[in-house]
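Presented sequentially are two complexes of subunit A, the first with subunit B as partner and the second with subunit C.
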Partner chain A sequence: MIEINNLSFSYSDTKSFIKDMNFSVSKGEIFGFLGPSGAGKSTLQKILTGILTSYDGSVKINNLEVKHHDNSFYEDIGIDFEFPSLYAKFTAIENLNFFGSLYTKELIEPMMLLRMVGLENDANKRVSDFSKGMKSRLNFVKALIHQPEILFLDEPTSGLDPVNARVMKNIILDQKASGKTIILTTHNMHDAAELCDRVAFIVEGEIKAIDTPHNLIMSRGGTKLKYSYLEGTKEIQRTTSLFETASDPILKRIINDNKLTSIHSSEPTLEDIFIEVTGRCLQ
Partner chain B sequence: MRAYVASLKFGYRQITRDNMLLLMIFGPILCGVIFKYGIPILEEYISERYGLGKVLVPYYLLFDTLLSYIALNLICTVSSFIILEEHDDDVAAYLFVTPIGYSGYIFTRIITPIIIAFFLSLVVMLFFNLSELSFPLILSLIFLSMLYSAAVTLFTVSKAKNKVEGLALTKLSGVVFVGLLVPFFVNTNIQFLFGVLPSFWLAKASVSYGTSFFIPSILLGAICSAFWILIFYNKFKNKLF
Partner chain C sequence: MRMLNSIRNDMKFQQKYGFYIVYMIITLSYIGILLFLPNSIRDVVKGIILFSDPAALGMFFMGAIILFEKSERVLDSIFVSPIKVDEYILSKVFSLSLISTTVGLAVVLATKFTTGNLVSLIIGLMLGSIFFSLIGLIVAVRVNSLNRFMLGIIPLGTIISFPPFLLFFDINNFILEIFPSVIIMKLILAGVGIVEINYVYSVVLIGWIFIFWLWARRNVIKMIKSLSGI
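What follows is the complex of A and B.
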């Protein structure tokens, strides 16, 4: 569905901002871009959505080279920018009706969209009177109104309380279940680990790693087992891989000798792996 | 086409939600009525009150030239305020990734209002001009005013960060009006120092009608406005992306 080959992009003539990227995204996949601010995630999204067309290499969506797109290209694309893009003087329902009227495709009933994110009682309220979280939710469902095949979501749960973040994540998973392809840009490794089939770690315009969250975690040793035991009067702490517990002679011995004082497992997060691979924090 | 129509309709709805914009839409006709009927009354009052001869009549052509620009500029100012509000709400950037696209946005928010303003200005000038101008002169003045208004619109939307700044810049761009007075009051070649201002060529075309300098004035006026349009269009595009 999305094919990127040898993609490079520069804002100036001197330095490449996106460097030789190669990856593909299949239909029905949730693909995450993870990276710190300024890594090139938003630029990459702008290239994929046809806003920036002066790139080198190839970017194909549904076999169409994006730089050659016409406006009908957007009939099948839904975008949820990080910051709400809504008419503040108009009500929620007026906003959805207007944005829906731009498309020729069959639309989802606006009231149904508002119900999905708990805004049905605020349909006739002006957006200027909405809280930040309400604007985020309305902005999100605005991207769904024309039932696009590909969704670009930029920090969709940013600024939301846990309950509403859960609602949004469930909608994203429902969209995937209905066959939509989703590109998720985020700082939030918990969202990425939970939602994405695959993620790409992006730093300084380059992809440093690309795989499923599970494989990335496992590639670095996976879950660790931490235990401590008494050696005389001294307490000693050790760590071993969960998959090597049977071959750890010390662990075997102290279990037999009843010297174990504590034992627990710890799983690295996607953020731990990101820091290990890239040497950078996500924020 | 569906997206274009929807965008234009919504632009109209934005105007109806804002009393200032709504008033500005009727501004060209209001100005026409004031110019057509107010100025002769003022002329009569000044003559009677101070016992002077005709004070304003020699400048009726200046008032007509001004009217040709005001009518167009008011409509273009409305469109620039809509653009600034859409920029404020972050909607403009979003519309570029809908079936309207960037080209559709420029068409519905800049080109269409200018075309509408052109015809509205034509009607206003035909009905409300003071000097019984000929049709070719009216058309020429509106053509130059159209390019001049486009340059001012692009100047406002490229420089202002929001509607309040837009209002201030619209007032500031009134300084450029000085070029309108020069051909009427300065007879030496010093007047051409104001040739960088589109307003100068608008007035120059007015005073040159019937002379050999009429067509060159229109051409130079068009080139002058095109120059400013190009500069501010690129600035506007950089601001949007």
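What follows is the complex of A and C.
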């Protein structure tokens, strides 16, 4: 579905902003871009969505080189921007009708979209009277109205309460189940780990790692076992890999001697792995 | 179909954001002023008012529309939809020229239209509005605030709008004859029966509109690439 080969891009003649990227995204996959601000995620998405076309290398979507796209290319692209992109003086339904009218494809009924995100009773309310979370939800369903094959979602759960965030994540998973390809950009590691089939760690315009969240976590030793025990009157803490518990002589001894005071497993988060791989924080 | 939707959407935008109310107030003010003027100067003032209507309103309303769209980030979504840059420009300038022409005709008809050339008037109002709203677009897509828009539009608008007024001092030469705003003024003055018009100049005006269209197009494409968006 999406094929990127030797992609480089520069805003000036002197320095590359995107450096030699290679990856592919399959149809029906949720692929996450993770990286700190200024890492190149937005630029990469602008290239994928055909806004920036002066790149080197190859970017193909459905076998079409993106830099040669015509405007029908956008019939199959839906983008949920991080910040609401809505007419404030239009009602929710007017906004959906307005943006829907820009497409020739068959549209999803606007009221159905509003019902999906619990805004059916606010259909005729002006967007300027909406809360931040309501705008985010409307912005999100606006990207779905023309039933695009590829969805670009930028921080889709940002600013939402847990209940509405859950609703959005379920819709994203439903979209995937119906065969849509989804590119997700987020700082939220829980969302990325839960939703993404694969993620790419992007720092300074380069992909530092690319794999499934599970493999990334496991590649760094996976789950750790933390335990503490009494040595005389002193409590000592130790950590071992979960896979090495049987070969940890101290652990064996203190279990036999009944000296364990505590024991628990701890799994590294995707954020821990990101920091370990890239040496950078996500925020 | 998409083009028609786009024009309809732009008109809806203009109605929702209060542009039509402003137009209505302006129209009534124009009519009121003209009805109180003596017959001897009414047609000349009418010509000047009809010229300044597409000139000022076309430029400033286009600026306001673009700045609203920028502040609400809707351009991010519009330019990742199938709409083409030319369709975007066309629906904006056409919807504004439609209202501007309607206002102009209302002013003329409400203030005793007698001897003028209606065809010339309609062409002048319509092409004038298209030309000046393109100027508004050219400036507005390059700026992000009203202050910067005013800093750009006032010098450019003045340079372009000033030459037609030389006609009232009997100053005329070939350069003035092919100057876009002078042609617009002449078409409108012919519309209210003050001068005769050679329609060849409307072709020259269309040529000017084409050049300014390309300029606007170039600026819109630059703006799309710089949108913060995703």
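Following the convention adopted for this analysis, the second predicted complex is superposed on the first by the 283 of 283 C-alpha atoms of A that agree within 3 Å, B and C clash if a C-alpha of one lies under 4 Å from a C-alpha of the other, contacts with A are read in each partner's own complex, and residues count from 1 in each chain.
As a working rule, a residue touches a chain if its C-beta (ideal position, glycine included) is under 8 Å from a C-beta of that chain, and two chains touch if they have at least 3 such contacts.
What you see is a predicted model; the values in this text were computed from it and never measured.
A.B. asks: Clash or fit: subunit B and subunit C on subunit A?
C.D. replies: clash
A.B. asks: Just subunit B (first), just subunit C (second), both, or neither: which does A:71 touch?
C.D. replies: both
A.B. asks: Considering only touches as defined above, state whether A:102 meets subunit B (first), subunit C (second), both or neither.
C.D. replies: It touches subunit B and subunit C both.
A.B. asks: Taking the superposition as given, does A:45 touch the first partner, subunit B, the second, subunit C, both, or neither?
C.D. replies: A:45 sits against subunit C, while subunit B stays out of touch.
A.B. asks: Taking the superposition as given, does A:141 touch the first partner, subunit B, the second, subunit C, both, or neither?
C.D. replies: Neither partner.
A.B. asks: Return first, second, both or neither, reflecting whether A:84 touches subunit B, subunit C, both chains, or no partner chain.
C.D. replies: Both partners, subunit B and subunit C.
A.B. asks: Is A:185 touching the first partner subunit B, the second partner subunit C, both, or neither of them?
C.D. replies: Only subunit C; A:185 stays clear of subunit B.
A.B. asks: More residues of subunit A are touched by which chain, subunit B or subunit C?
C.D. replies: Of the two chains, more subunit A residues are contacted by C.
A.B. asks: Using the superposition on chain A as set up above, list the residues of subunit A that contact both subunit B and subunit C.
C.D. replies: The overlap between the subunit B and subunit C interfaces on subunit A comprises residues 49-52, 71-72, 74-75, 77, 79, 81, 83-90, 98-99, 101-104.
A.B. asks: Name, in rising order, each residue of subunit C that touches subunit A in their complex.
C.D. replies: Per the touch definition, subunit C meets subunit A at residues 1-2, 5-6, 8-9, 12-13, 16-17, 72-74, 76-84, 224-225, 227-230.
A.B. asks: Could you pull out which subunit A residues touch subunit C in their complex?
C.D. replies: For subunit A paired with subunit C, touching residues are 42, 45-46, 49-52, 71-75, 77, 79, 81-90, 94, 98-99, 101-104, 142, 152, 154, 185.
A.B. asks: Quick check: in the complex, which residue numbers of subunit A touch subunit B?
C.D. replies: Those residues of subunit A that touch subunit B are 49-52, 70-72, 74-75, 77, 79, 81, 83-90, 98-99, 101-104.
A.B. asks: In the complex formed with subunit A, which residues of subunit B make contact?
C.D. replies: 2-3, 6-7, 10, 13-14, 17-18, 85-86, 88-91, 93-101, 103-104, 241
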